[in-house]
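Next, two complexes with chain A in common: one pairs it with chain B, the other with chain C.
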Partner chain A sequence: MAASMASKLFRAGARSTIRKVSLFSNGLLQKGPRRNYDRHRMRYLKEMYQKRLDAGPEKPRRRSEWINWNYDAEIYAFGQRLGEEFEESTLRQAFINRSYVEGEKKKRAELGIDIDAVPLQLDDNTEFANEGSVLMSSYLKVYLRNIYPYMFEEGISAAHDYLTTDEMLAHISKHIGCEDLILSEEFPTSSATLSTTFKAVVGALFSDKGRERAEQFVRDFVLPQLIETDINELWQIVNPMGLLKAVLVLSGKGEPEPRLLWKSGANTIMSLYWVGIYSDKDFIAKSPGETILIAEEMAAREAIKKIMKTEDSRAPLVLGAAAENLKLDYERVNVSAEDIIRKYYGSEDPQKNTSTSL
Partner chain B sequence: MAHNRVMQWAVLARTWWIFDANQQCPFRSAYRITTYLQGLHKPVYHRHGDVGDHVVVFNTKHIAMRGDFWRTYKHFHHTRYAGGFSRASAYRVHEEDPTRILERACHNRLSGLDNRRTLMKRLHLFPDKDIPENILENVSGQIQQVQVVPKKLEDYTQEDIDSFPQLFKMPEDYDIDSYKRENRLEPDQHTSKAWRLK
Partner chain C sequence: MANNAIPRDFLKNVLQNGMGRYVCQLQRITFRFCKSHPGSRHMRDFIENHLLDFTQKNPGVVVYLQPRRHRPPSIVAEFLNGRRESMEMMRKEPQEICKWAEYMRGRSGVQIVNMIHNNHTETPSTQGIWHPFMFRDSETAVAKFPDPKYSAVRETGKTATDYVLEEFNNKE
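And then the complex of A and B:
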């Protein structure tokens, strides 16, 4: 019985082996681990790798060079993405760079087409950019003055300059998807062009939807760049103690008096001093430092921050839905630090001006 | 200059603390001192962070041991050679080096830590009130003592002692001054022979 079972099993095994061998020989079916060593595969891969290195990196191309590009659809999608209803013609114009218009004229001249007979129906974005730039600048200053009413005008200007550099606007422009839509001769697009285009988009919105909508656009896309920056760091104060002295005396208080509050590890490399600033025996601000001089300077900066009400514990910027009902005073101008310093140090006797308040 | 930078400096700078070991239990003192050495008292403490402070301990000569510990508490040592084991009573160790007991107590409390050697380098021990000026200038905080310093008999004036009410009369032959003499009659059973007083 057992012998017959074994012979059956053996025969079944032999049959299956024969079938497998025939399939393997066809190359149709491969089961289990490969039992050969592919000598040519590595050589082939190395060759391909070297060819890629020799060819160099992929040439940067405009997005429009690829086949699946529909400029009309992209222009429409741009407005929809941002939740703004542009008029198509204005938005198209906002993306046309001056160099593109000149390039088109040149091409026509080369083809022998008379420009006067068949005028080129293209306007570049220079005008929009100028309008947008003016609107953006004025709104940024108005907004910052109203949010930080006690900040010196120099600080407001520094924050404004920080937000309106070409690099910053190019960064914003790139990330809202202007880069692919720009019509320009230069490629890759420079930050100046990107920046101009962003201003032109603001200008286009201004001409389409009016001032309020354009300002909202600026608030939504430019001002959030301040969120992670310390606004006090943008304005470099050269002599904080001098400014503090002028401010305090002109507002009728005593001169600032730095006091050493605490020190530790004075003889070590990790020494620490805390210096506090007092005026008329009233505490104003304090700050640490690795030497007394550094601590004193930092304390003076802290005191100025306290006067400007831009301490580290200040409220966050009012943006988004909360900013919709913001009442802004467009005529507002903050106190200028330069005026205070001129008033205090410019006069013969500083004590004369003590009675005038800020 | 950023204010954040100096704030970070203030957080990570090492504070120097001072601790008066006069009449303090070395083991309970070690518990408190090592807290400061490791930086456990700081909100930024983390095991892998190096945020410990320096501790200056003075008057280690005047530490107090409870019970019979001066005699029975022992320090052991083995040279890893055959017969290299030796032991010494706490009072004997204290005679050799008056900072040794507190130093070992702190060292033992930090057992199991990878950075024990580093932490021990931030512990500055002085047997009496004499602390070098350059070290004392660094100090900016005091660690509270672990127990109240008792008033000794020497601290009372003779007048106070005389006016103290006597409830009974001492016998004529009662040896009052015995504590003032050094007891060398009895051999120290708890110390290895090599280390015993000669």
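And then the complex of A and C:
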């Protein structure tokens, strides 16, 4: 920051020098080319450069500290930008953080104003945030369960948790323009506050326009963040072969049988093994790995992906205009991997729960 | 300048814009001008005759006018991703200022750099990339080489030599 300011100073100096040169070359002040350079100016600019470095970087300021700032216009534009018709009062409330209300109260107390006589009439966004959070959570799960009907409930929860982390919601909140509008004591705004504000905006929309519109808002802004992320990576499976075995046996098929398909470069650092998994002599999945054990585990993961129908060739998420007529089953609950494992391994001895070796 | 010092990047879509719904990425735009200096003549003309059209078409963009005494006219665009771009408007006619305002409205706000490719995807292949084992018979994994089965000369049908010999014999 300081360096860029300093370079700006330099440039300003250079510009004025050029102007002077052109004045000279006009022949108005001096004939012929200029044969000196401005040593004093150089010294002055160096001094200013050092001063700028010593002063350090500019301190961060709120956007509202600048002269071109109109909160009413910004609030109006926020709704227009997102294509939503908010009530102005609810939208304003959605941006009021609790710390701001407390700060205002403190200021009044310091000024000696009686709060009972002149009430503050400021409500914070906590209630909206809670409503929005509940709505968003439930809708995300419903949507994901309907889009990935074969995915285990744990996978759905993992994707939901990924989408509702403070960092993710803060990222969305920043990119729809909440950051400058938030009224809060803290600055720079933390990701927790940004995330709360986003939830509050969802809650405000819910109270203004109803459930359907708020759900559409969540679908349009939160769910697209799953694009370009591998949904299978979000859920950490500890023992994929154990799970695969339970699933196959409970669905009436034979136990998974790993087989070495090909190998190359064994005993080198570039070793490669391809392991395939068969059940009742039917091929299920195959995967490469540096060692046989890694390849086997990866093949088991690949098989679970196939069972969940979330391979790389899965259909894209239904979003935007295509999602407007989406029929969602709100009561749907997917199969839980934990239930399957309990059902299969619960009665038998726990030693079975180890990965089968080749 | 060295080639690796010039910023290059992949194509980016801010917040997956347009996948759900489209949001104009221009957050606010400030027109800075002088009320009296002739340098700001075109900017004043633009403000009088064209600015209202721009604001009516784009209600989601906050427009500010900032008079600055005896300073050159410029526009400052602030985008949703937090970037801010300013552009000198000296000696630009009202029509041209209209175009630059439209240009700012249509931008994503991402810094303009060299594109590594004109398209970008995180999933280059949905069917899996090719590998040397892709179409190989898994039976070869257990075979012990040299194996007579895999060492046998493949039957390829009639060769060019066979054809020439046949023709020759027919002539005789």
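Note that the second predicted complex is superposed on the first by the 312 of 358 C-alpha atoms of A that agree within 3 Å, B and C clash if a C-alpha of one lies under 4 Å from a C-alpha of the other, contacts with A are read in each partner's own complex, and residues count from 1 in each chain.
Simple rule for what comes next: a residue touches a chain if its C-beta (ideal position, glycine included) is under 8 Å from a C-beta of that chain, and two chains touch if they have at least 3 such contacts.
These figures come from a predicted structure and were not determined experimentally.
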{"item": "Combined model on chain A: chain C and chain B, fit or clash", "value": "fit"}
{"item": "First (chain B), second (chain C), both or neither touched by A:174", "value": "second"}
{"item": "Which superposed partner A:268 touches (first chain B, second chain C, both, neither)", "value": "first"}
{"item": "First, second, both or neither for A:67, with chain B first and chain C second", "value": "second"}
{"item": "Touched partner set for A:76, first chain B, second chain C, both or neither", "value": "second"}
{"item": "More chain A residues in contact - chain B or chain C", "value": "C"}
{"item": "Touched partner set for A:224, first chain B, second chain C, both or neither", "value": "second"}
{"item": "First, second, both or neither for A:260, with chain B first and chain C second", "value": "second"}
{"item": "Touching partner for A:289 - first (chain B), second (chain C), both, neither", "value": "first"}
{"item": "Contacts of A:53 with chain B and chain C, given as first, second, both or neither", "value": "neither"}
{"item": "Which superposed partner A:312 touches (first chain B, second chain C, both, neither)", "value": "both"}
{"item": "Distance in angstrom between the closest Cα atoms of chain C and chain B, superposition on A", "value": "5"}
{"item": "Set intersection of chain A contacts, chain C complex versus chain B complex", "value": "262-264, 274, 288, 312"}
{"item": "Sites on chain A touched by chain C in the complex", "value": "67-70, 73-74, 76-78, 80-83, 171-172, 174-177, 179, 219-221, 223-225, 227-229, 259-264, 274, 276, 288, 312-313, 319-320"}
{"item": "Residue numbers on chain B that touch chain A, as the complex places them", "value": "1-4, 6-7, 9-10, 12-16, 54, 134-135, 137-141"}
{"item": "Residue numbers on chain C that touch chain A, as the complex places them", "value": "14-16, 18-21, 23-24, 27-28, 30, 59-62, 64, 66, 80-82, 121-123, 125-128, 131-133, 136, 138, 140-141"}
{"item": "Of all residues in chain A, those that touch chain B in their complex", "value": "230, 232-233, 262-268, 270-272, 274, 287-290, 294-295, 297-298, 301-302, 305, 312"}
